[in-house]
């Protein structure tokens, strides 16, 4: 469907440039991270990468632990591709695109152990904190994966516990106690088009990708989650290069936190 | 004696009173209510003698007979092609309007125009129900090969084209790009990467500053100042 | 004790602080943000665009579709479950009815204009904030519109007639409360949304509606300014 666009993009990439004038592994500018934007949430953040604009809110609820992990709290990540943010999104329950987005963000946080789930336990076997992270794009101009992951982390960093008297949560009263973030896993999605690699795709580029690899890595470069997407396979050499780009770019994004 | 309330070449918003009195006349984008002339949309108020009208500054394209537009093929049937016109309405192109070649019955139409192809075509008819018919027969009408298509504000297209095409010709000359501008707000462009980017920047500048006077000179300056890549071609 | 001093110190006919901005969602054909106190609404307009399924089409004119949605973290209480509720469906309906009278979609038979309203943060008056944002977004989308639509809630709290109830007033426990969201075409004074729950005398309601004209005129000025700010660079 996008034959001509794809070959045009590739001819640009061979000249070392993107359709919007960026270098191949350059993010759009400006990158903005704003925390505490939503007062009704226990924690929130809004991330803009170029024209892409994502809001994430964290709500804290008290629930029961899973039987196999009685002394651990949990996180739940939800994403809704709001039709407000993109003419192609439709109303209705989350489709597979939204589910994948939520799960990729979830994995980055969960597997990095950014949150110590044991610290979310209130009473073993009975009461735990559930950290509910909701992703809401305001304007989808491409690369929701990286923007949402960054916003989710920033929202967690911002989150404070509401008052809890052992019976009921009083959402009107926030305590000074923060969720403790032990790590800062950053997701970078590396895209392969033809034989070139780029980051931070815009809407046009997203139409013609061959493959993508979302790489979540921590401060010391340790990987904590990955997701390959796109219709084409990757060679071992491809993956080698994409991981290097992902880890390198994560350092850059982390500075915005 | 009428009183003009709005300033010439200023922005008016829906419902805003532009003038009071019966000697002023409501032009396009305005309506009369009692003594008053009011804005019927968001636009740039222009006072022309006794008439006040509003020039649209936003809004999607509406197909009009005679317009030359850029469309994407979205469906191929056995009698013709359905095209996306970048508006609320798609267009039909029948076999006889598509090419002067003879097309045998049952031929594979995708060999002429395939899904996803862009074409420059002309609207020959729009019904009251907005059924749109287009043709490929006419000067400059063709399949757009290579390059890319960008979206501009359809309301700014006349400024991007310029008087007798002067603006777009200037951009083409300065950037050595092939450019075709559709009245539906799609622009096809193909050139050397840096020059193509410069041409697009120039068009974005026109979109932003479309109502300023001396636009041609500004764009000329802009192209000269930034046109360092010409020597590379 | 009668409610003769507002909890947040506002005058009886004073709204909470209002902030508005147009053109906040680049991908939309028209968009706006409207914030009143702690209630915060975004609206995006897409269209006129192709309408499917076909049986929904009107061959005489374009149709308007509105969707009101609270983001999951937008309530000061528990998380709002995503997906429409009966409440949000009803608000979507009355929002559409509130906006339609100013629009002329005759030029767009068989098509649809979609309005999506999202609330990142709410604290009373969210449907009215949504309507204010949507009306600016429709103007930004360049549609034929004879007026904007302004909306704010009015009410009676323990005997006092008030403008723009906040949460503490909506949920006031020490006396009866009436909550009356109103939308108005500010230039004609005609009303396009009127709902109420609570108790009020007819004379008091009429007094509030009379008051509404002045308040709506102030909101119209804020909307006007926001619209002009987006486009001011084209002025000479």
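Per-chain numbering from 1; labels A, B and C assigned in written order.
Methods note: a contact is a pair of C-beta atoms (placed from the backbone, for glycine too) under 8 Å apart; a residue touches a chain by one contact, two chains touch by 3 or more.
Computed from a prediction, not measured in an experiment: that's the story for all the values here.
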Chain-level touch network, classified as line, ring, star, complete or other: complete
Between the pairs A-B and A-C, the one where more C-beta pairs touch: A-C
Chain whose Cα centroid lies at the greatest distance from that of subunit A: B
Cα-centroid distance, subunit A relative to subunit C, in whole angstrom: 32
Approximate Å spacing (C-alpha centroids) for the pair subunit A, subunit B: 38
Where subunit C touches two or more other chains at once, by residue number: 49
Sites on subunit C touched by subunit B in the complex: 29-30, 47-51, 59, 62, 102, 104, 107-112, 139-148, 185-188, 220, 223-224, 227-228, 231-236
Contacting residues of subunit C [partner subunit A, same complex]: 24-28, 38, 40, 42-44, 46, 49, 67, 69, 71-79, 82-83, 114, 116-118, 120-123
Residue numbers on subunit B that touch subunit A, as the complex places them: 115-118, 144-149, 190, 192-194, 197
Interface residues, subunit A side, partner subunit C - complex: 37-41, 44, 51, 53, 55, 57-59, 61, 78, 80, 82-87, 91, 93-94, 132, 134, 136, 138-141, 169, 171-172
Footprint of subunit C on subunit B - complex, ascending: 9-11, 13-17, 31, 33, 38, 40-42, 44, 56-60, 62, 87-90, 128-130, 155, 208-213
